[in-house]
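Heads up, the next two complexes both have subunit A, just with different partners, subunit B and then subunit C.
On to the complex of A and B.
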């Protein structure tokens, strides 16, 4: 998250004293272990920075709610990383990712009620369902490229929404949502709602946060590995020039389908975590097209085509949305402002806020005499 | 209840539901076919048309919106429905021109995804402006009971050969749509203007080389598409409740109409819209069917049926029923 920027800036200022430090930082910046460590630090510090610090300097926060907000932001962050694999790195704009988030949520929820409430089992079941569905829907939607893909995924999203709303209402609870979710303690003995006793509770909070935090770190590492693998390079080649990739002899369609499935898997993990956290599956927050829209907005705001951009976007969106919408005056116009900011970012800053930050970082590095990269 | 009466009701309802989709789809399809521009804000034009028509037709009381707080508890011109039917298309036409000039044109050379994103953002802004100003509540339209005291406009009329009745406004929607579709079709097929537009679809560079300013016909086509969406808002308004969210909900069937019918084809839009409308209405009216002790209720599947239809068409004929082979995007 933003910690990478801070570290980068720290590296920049230190660079004045010893010129090699910036170069050394650049050398390790892309490494998997660096990315993992930065994410661990970010996940560890997020509750402190986002909840404790405002509390200390006197901004009144509804403590418990903001705690769960940080968890929620990480869950959306996982979703956004997966979404960016598709939009930012493969160049496919899906308007139906609520399908995978939502069906995973329902699968995990129903599984917990009928079979087992183990969070890990719920996560696996939800993700499996999302992957299978992503396979089918990707297979059909990718028959037409470009704009048709956006339209078809949007249409499938609505179709699944209506199927879960009414024909499957006996199973899903229809418009009331599925409310018999029963989540068991983690590994059988760690209640998710309980505070983690071993570290000061100001830092981490509940086991739920630990669970989601670990998932986030894994998501970042997996995302990073996919992107830096030959596979990720192929995806980028498809984004840049599909025809050329085809001529080189790559099976573009198969790569696109795999990108779609992988991003569906991320959405499935996130959707399952969402249900584990909320213990309830509301249809409006899982399968409604607004969810598909929100993930597009978060990813684009944060920055497509970067690993941490979507995380930043998700965090910022959840945090700002919940704080600003509670304010009197601006609160009523929040969605409108969001729409305007979104349009402005699309028009002026196609690489999102993360792209903007990278640009600033490069300018600072340039001013300090580092190589411009 | 007779079979004939039921079939007539089914036909009228299906055609009317389809008519709204047709009006929206023609605009979408033309803009997509000629300008290669994807307009996710087309639903927003529908909403703008619906609300503009509402405010021209009658006076509404605003309960939850900002306008009430700012000292406008009621709003509206009360000029009547006919005024709305004339003014709204002109108004939305102008909105469409502005949209082409300031939103679409800067994005013609950018990737499809950027076009979708920016129009999607615009749709949110429009929806939320209405939401904030007028409020989230739903409004209903008042349609005059008769046109100039001669023809009935709304209310039930009997169906021949049976004792069932239908709302006569549905027939009006079908008639108005048919008239507009024929007019647009004639413009595109039989005028020089239409010739330029069609030529521009084939090969914009060649048209430019021949010394024809292609930007202006494009602008006008965008405006016509927008105006049709606006009219859809007005004629569809009396049959459904109006709230800021209807734009996004109607956008999906409208897009499916384009996908089923084929991009850039007016006849395709008519066929696609009619098919979708008929499928939807038929599934609703079949209702519950018992077969060998098993009850199966089709009504909940009505919304799902149109997507199944779209998938079948897409798998068997990817370019749409009446789309030409060469159009591929």
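On to the complex of A and C.
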């Protein structure tokens, strides 16, 4: 009997404290720990949902994701999260981010051949190089705004591409790429290509995925923290009204430079991971200007100005570029398909895929009677 | 009374045009000085020189006794010169509270801080100033509203709030009532008066509405073709024949 009374009381107090499930969800949604947990769950389930489930329900193999593509999508996702800090939040369009992705890739690759193949050391070296370059190139390019900034970054990108292609060819392997990358096991005893033994391999797969997954989670957590720091407000203020930001006494130029360097650091982490995964540095996929364009497309597809959007954009791009491109009949036209998808998203979902998902979430919330704006 | 800001032989030339012509203006601590003059008289140029948006051709500007001509605009703000813009210059896509928050960050943290990994919750002093700012301009209840969705009068009040968050010793107000309805104008004028009394603020006001200018100014300076042609109390300026000429006749194309 006493149990009954207790549970009745509990039900009462629960009703008072939480008017609806949706409101409660809304209250915790923005918390950093929630974001971290969601990312962990997402990264953990991604291979299962994208690779195993479609296979189980009998979709033909050529239409579904494969595991190393999921890893690659996360790597580009890290790049895109950092890029969005610059494009979506600060409002700066850089056409030169291949520089940071690419030089980090070369630095990590060359470091692995000459000094140490420890994945963590490669990551640190690649990222450091990217940060230093972002500092110098940002310092110069941010003297000008708008289209001049975009063109300056593009020009630096081309400059570095040609320097790596030819004058530094003895070191970088020129147009053949750098092919002496030698990646050691993680922490000295976990070969990246090996399956994780402790978990059913249907879930996670290789140590490579664990390594990239952890980096992705950290990237989301750090990105989210930046957005919740004073920088989150300051950068958006600069995007909205640069002059007013200057006239509340903020050194706009230095904040822009910081945004540029932080996004360069994300690009550096991603570029290093790319080389760790591929064990090879192809110049066309690292320093070419097309990389700078791809990252803009992914970010816009996913939704500029959101934290998770760029991850979705990277995923969609990877799917079209690697799976749709292999489909018989339409594969040869994958660039056109990507273009159509891009136009459709820009026209129908101006806030990208993430904006579309938010819209659906709000409809659902409305249907559930939640108090949503 | 002491002089808070003075310009010394200030000249600004754009090509062949002299927009500011040997201006010697001084503003005393605590006063409300209005700057008036016909269109094209050089009022905005003078304001932009003081805020360092423009580089002077000749002359010096001293704030609290020190030259500010080598400073960047944000450094001038950090020294204590605030500016309210001609059009409501706010951050439209951000909430009212975030607007005030940015201004509070500039005031509490200075021009730059390396704190991109520190959560905003770690700075209660910034939050407090944000609330105070919203309170001061009466927008606390609208704090979650997107700034772009505010009525025009409220946008102007928010803008003034942003300019005041840093507690400047001198506030430059560029046509604070431009585009406002008579009621909004009236409440803004009241706000300016209150601010001046409560915060012991010195104000340099640029305004077209002569009724407002003559009712709230301590002193008025009249600018025509880049130079000051009259300066004094509202009564003195009103009776000055050169002012009448500048406004009513003798303006050649």
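Some observations on this one:
Note that the second predicted complex is superposed on the first by the 342 of 373 C-alpha atoms of A that agree within 3 Å, B and C clash if a C-alpha of one lies under 4 Å from a C-alpha of the other, contacts with A are read in each partner's own complex, and residues count from 1 in each chain.
To be clear about the criterion, a residue touches a chain if its C-beta (ideal position, glycine included) is under 8 Å from a C-beta of that chain, and two chains touch if they have at least 3 such contacts.
The shown structure was predicted, so the numbers you read here are calculated from the model rather than taken from an experiment.
In the overlay built on the shared chain, the residue A:368 is in contact with neither subunit B nor subunit C. Contacts of A:49 after superposition on the shared chain: neither subunit B nor subunit C is touched. For subunit A, the partner with contacts to more residues, out of subunit B and subunit C, is B.
By the touch criterion defined above, A:237 reaches subunit C but does not reach subunit B. Contacts of A:143 after superposition: subunit B is touched, whereas subunit C is not reached. Using the contact criterion defined above for the overlaid structures, shared-chain residue A:248 touches subunit C, although it does not reach subunit B. When the shared chain is aligned, subunit C comes close enough to touch A:229, but subunit B does not. Touch criterion met: A:346 reaches subunit B, while subunit C stays clear of it.
Considering their complex, residues 51, 72-74, 77-78, 82-83, 85, 89-94, 98, 101-103, 105-107, 109-120, 123, 126, 162-163, 165-166 of subunit C touch subunit A. Those residues of subunit A that touch subunit B in the shared complex are 87, 91, 93, 95, 140, 143-148, 150-152, 154-156, 158-159, 162-163, 166-167, 169, 289, 293, 296, 300, 332-333, 335-336, 338-340, 342-343, 346-347, 350. Note for the complex: subunit A touches subunit C at residues 32, 222, 225-226, 228-234, 236-237, 240-241, 243-252, 254-255, 258, 262. Residues 32, 38, 66, 106, 111-114, 116-118, 120-122, 124-125, 127-129, 131-132, 248, 252, 255-256, 258-259, 300-301, 303-304, 307-308, 310-311, 314-315, 318, 329 of subunit B touch subunit A in their complex.
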